[in-house]
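Only one structure is covered here, and it is reproduced in the block below.
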Amino acid sequence: MAEVALNHDAAVAAGPPKLRRRSALRALLAQPKVVFAGGFIVLLILLALFAPVIAPHDPLDQDLLSGTLPPAGFAGAQPGYWLGTDDLGRDVLSRLIYGTRVALTVAFVAAFAAALLGTVLGLFAGFYGGAVDAIVSRLVEIWMAFPPVLLSILIVAIMGSGVRSVIVAIAIIDWTRFARVVRAETMAQAKADYVVAARVLGFGRLAILFREILPNVAPVLLALVTLEMGIAVIVEAILSFVGLSVSSDTPTWGGMIAQGRQIIYQAWWVFAAPLAALFATVLAFNQLGDGLRRALDPVMQR
Amino acid sequence: MSIRGFAPTRRQTLALGAGGLIAGLIGPQGRARAASDTLTIAYNVNLPSFDPTVGPSAVNPTIQAIYRSVFDQFIGQKPNLAFEPGVLTAWGWNDDKTKIWMDVRPGVTWHDGTPFTPEDIVWSLQRAGKKETGNPIQFVWVGIDNFQVDGNRITADMKQFDPTIFKWMAFLTGYVLPKAYYEKVGADGFEKKPIGTGPYMVDSYQGNAFLRLKANPKYWGGKPAFDTVVFKFVTDATSRVAEIESGSSDLTLEIPYEEYDRLKAKKGLAGVATPISDIGMIFINNEGKLDKNVRLAANYAIDKQAIVQRLLRGYGVPIDTLEAPEYEAYDPTIKIGFQPDKAAKLMQEAGYSPQKPFKTTLQTTRGFKPKDYEMIQAIVGMWRKVGIEADIEVYEIAKHFELRTSHKLAPLAFYNWGNAIGDPSTSTGHAMFGPSPHSSWKSDDLDKMIGPLWGEKDEAKRIAGYKAVDRYIAENGYVIPLLQYVQPIVFKDDLKVTPNISGAMQPTLVSKKS
Amino acid sequence: MLASSLIKRAVMAAVTLFGVAVIVFLLLRVAPGDPIAMMIGPGASAEDIASLRAHYGLDQPFLTQFVIWLAGILHGDLGTSISLHRNVVELLRERLPATLELAIVACAVAVILGGSVAILGTWLRGRGEGAIDAANGIMLAVPDFVWALAFVLVLGVFWQAFPLSGRIDPSIDPHFTTGFYLFESIFTGRFDLTRDILAHMAMPALALALPLAAIIIRILKDALSEAMLQDYVLLARVKGMSELRLIAGEALRNAVGPTLALTGVQFTFLIGGTVIVERIFAYPGIGSMAIDAVINRDLPLIQGLVLVFGALFILINLAIDVAVAALNPRLRHG
């Protein structure tokens, strides 16, 4: 989860984006990263939504007699099992496809939850300043002193394992990323001409905050949320690896990695397939977030 | 660093190939070391405490291997579970079974050279019976009272007859600790530098990393085979496989069965896998609203043979009661069997079907025992076919203890039950007797049957009584017995290893092949 | 000016640490699960549990517990670990040096690796920059535990280049007086031990370093490209300074500050990563204690661990703040 984090900070370092809405879409599509990574994620979403139609088998359907069948093309493979089967005889491809559901649910819900919490606090801190800012800033600082892996394990251990706990853990830990960036952005925007003008015109403070400032913070936020989704996918995998994530026999990539690791010499595909999926998904979220940041941020456009 | 069997030059070359200059600079060197006098074991659990009588580690069957190396149990136990004289050379009951007597071995010394005396035995037994020490088996030891020492013979009163008391003396927390030393250094001092009377002495300990033991030259049972024994604490099974495969360790255990098969076929390695006194079972909670039909269907729907053959690669023994074949009250005529049609029919009678399933929760550990989680997934798959929809919930073993003690286990809960003394009271007895804090099924009918057996003085009657209880449990489906575990051990083929049915991989059971 | 701002920062750091302590306390008290029931395992009666609760002070009212606990911390007493039966401060003092050394080595590897690749990338610019960016993207998407697993298989089992577990060969009696084996072996000139300790560290340190290196490459490369467009760099170029000297000399000096500032935050991830990486390599630091502590609901130990992790993070960031201020002449006078 470390790796992607920097982009948020880099986003801060890069300075506030000056939004030009008309050109934004064009800039986006000009970024090959955005197109490819975005396309991949759309594909994943489709896979997750239509998993029952796309998956060749029931992901839970086990057959101990046909355990650890190799993927298509290898000696001993059976037709219909493209990525082989695991030690319980379940179809790896189908589990992978169903696994996108958990991965994306965690990615989207956790990222949005973290974003919501962080954005609200960041907006208020940046806009009102003073005591509000002092409290939020201190809270952020305290929060960031917790080692994230330890804290997430702690939260899941306290709440009991499951998708819900994983989502809560990610939201509770990662809101600070959003709070810091949004606070800095809001501070910058609050001094901008249009905000001063709105004040002069007698708009309410909350109206200014949510109608004027928030839309201008949105592009940075969008990039951050995308990056956070990649982090969420990794966190889910880490928690599965430690054995604390989703605990029913619902297929998850992290769970598959942990399971496949035990039989890596006998059935490497059970390990390799979810690892590849995890890697590609995180890469896609990273690249998309990075692309969004560059596209929406004129400073970064070279 | 303890890679043996590879010429240093080759290793250096390999290292250079692997990581270039850096690896070459800091990679392993060909440190000359005689391979024969050190035994390095990649061990599967950490050692949380040196005191073998307190805390959860005291009841962890695996850690007993370390405790038994440093300390002596009151009574010894052979790897086939038979009892043998230890620091006690003889023991028994008086005629009316109100008193016990024990003869203490003379001439034994503690690791610090001080003499071992009957006082140490008395103190250890008294201490074990005190609640405040945190001994989890305290309820057994508290029954011994009014100790008298006469020469090498100790006599004591029993508050009530306990047919298993001497078995417990070779089982969990039944260890002799040094009275004078412990009183001098205190609990903290003892943790820092523990001494016992056992075959090995603690030489160096680094928590979560390793424990190094030195042979006790004055051991009453003769000097052990290795001068030095190193337990490396490698809790991750895959890392343990790597340890033995790279040659860093001489022996490892509790690895996935696939890996066991692969490793033992490798040149230079050998393996042994025998059934141990650990069984896998699913507790049923009597408050879980599973009626008799559902309970029995849950039993009949599990194809234990397929699980053992396919998932565990044949390493396991299906069981029908909580008694494994090596236990005293094992009765081969009690059979549950795999009867999917009967299970489906029972579920129908109860008003359920795969389309309209009975919904419940099944708790399980994950990675605590080989393939535990996979096994549970397989069982849930089998249940699904007859109309039981069980939601899997993973818990840690510590959580299981907490829930079990407070009678809050889920309707179904997977656990592995160790019983290294093979007595029916320490399997069926504690697991199924309502007032016992270990039980999950609590019902009067069963308590009426088990209750009188605790103090039964006629041994044959006691064993027969437990067999009847086991049959009654099977007929009512009060518990779901699954299988007896097989412990895989892989080691360098110049070693000879005697597997221990209790599962305690004691270094004294390893010797050099000549 | 510098001194007063430093004092202010130090005070803030103390306040933050106090906040961390309060939150840890709250988090663990609201947690369901009875540590005592877990501690003594099955076989305990209700009275046993009650008497042990009293022994550990868990039967006191909430606020009393907090006051006792806080007073304890201020006296350097973090209580006794429930699962390990040891004084928590003592346990931490024993284990912390191992983790610190590992983190420092990992950090050094990350800085050297990340720094050189970033400079190389800037130097190559058009040629080969794409490849470096792609590789960097991949590095960013691989979490440390996956590196660790890969190293075990490739460097540990297949090549047998490095020992797989522990901190030092169990046959060695180093007789070190401090817990800092690596540093002590260097300062006392026992280089054979240094070699052995480094070999044990190699895989865990590399696994921890790679994600951090990826981040450094990323930030430093961006900062370098920006610096390369600055006037003084252009001026130096006109004067005929070689490209590599431009990057490594002029641009780097200006890019280091922001990179350092952003890397400091990432250090917490490296420290946090030790929780899983130390476990995989059976490395006896504070990280490998953490998961067991959580699983066993060992409240005193968890509190101690989180406090130490938090203090480390705060101190490192304080140090980085100071370093950045010292590096940046403008801030020094500001």
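Order as written gives the chain letters A, B and C; numbering starts at 1 within each chain.
The criterion applied here is as follows: a residue touches a chain if its C-beta (ideal position, glycine included) is under 8 Å from a C-beta of that chain, and two chains touch if they have at least 3 such contacts.
On a predicted model such as this, the values are computed, not experimentally measured, just so you know.
Colleague: Of the chains shown, whose Cα centre falls closest to the middle of all protein Cα atoms?
Modeller: Minimum centroid-to-centroid distance belongs to C.
Colleague: Tell me which of B-C and A-B has more C-beta pairs in contact.
Modeller: Most C-beta pairs in contact, of the two: B-C.
Colleague: Chain A to chain C: how many Å between their CA centres?
Modeller: About 24 Å, centre to centre.
Colleague: Return the distance between the CA-based centres of chain B and chain C, expressed in whole Å.
Modeller: Averaging C-alpha atoms per chain gives centres 37 Å apart.
Colleague: So the centre of each chain is just the mean of its C-alpha atoms; given that, what is the distance between chain A and chain B in Å?
Modeller: It comes to 43 Å between the two C-alpha centres.
Colleague: Mind pulling the residue numbers of chain B that touch at least two other chains?
Modeller: 238, 396
Colleague: Multi-chain contacts in chain A: which residues touch at least two other chains?
Modeller: 157, 261, 264
Colleague: Enumerate the residues of chain C that touch no fewer than two other chains.
Modeller: Answer for chain C, listing residues that touch two or more other chains: 33, 149, 153, 295, 297.
Colleague: For chain C, which residues are in contact with chain B within the complex?
Modeller: It comes out as residues 33-34, 37-45, 47-48, 51-52, 55, 83-87, 91, 94-95, 149, 152-157, 159-167, 169-171, 173, 192, 195-196, 198-200, 202, 279-284, 288-289, 292, 295-297.
Colleague: Per the contact definition, I'd like the list of chain B residues that touch chain A in the complex.
Modeller: 237-238, 256, 258-259, 262, 303, 306-307, 309-311, 366-367, 373-374, 377-378, 380-381, 384, 391-394, 396
Colleague: Once bound in the complex, which stretches of chain A touch chain B?
Modeller: Contact set of chain A toward chain B: 60-62, 64-65, 67, 87-89, 157, 160-161, 243-244, 247-249, 258-259, 261-266.
Colleague: For the complex, give me every residue of chain B touching chain C.
Modeller: Within the complex, chain B touches chain C at residues 1-3, 6, 11, 14-15, 17-19, 22-23, 25-29, 31, 33, 38, 40, 42, 46, 48-49, 51, 54-56, 58-59, 131-132, 134, 136-139, 187-188, 191, 204, 206-210, 212, 228, 230, 232-236, 238-239, 242-243, 245-248, 396, 398-399, 401-402, 404-406, 437-438.
Colleague: Under the definition above, what is the set of chain C residues touching chain A in their complex?
Modeller: Residue list for chain C touching chain A: 12, 15-17, 19-20, 23, 27, 30-33, 137-146, 149, 153, 211-212, 214-215, 218-219, 222, 258, 262, 265-266, 268-273, 275-276, 290-291, 294-295, 297, 302, 305-306, 309-311, 313-314.
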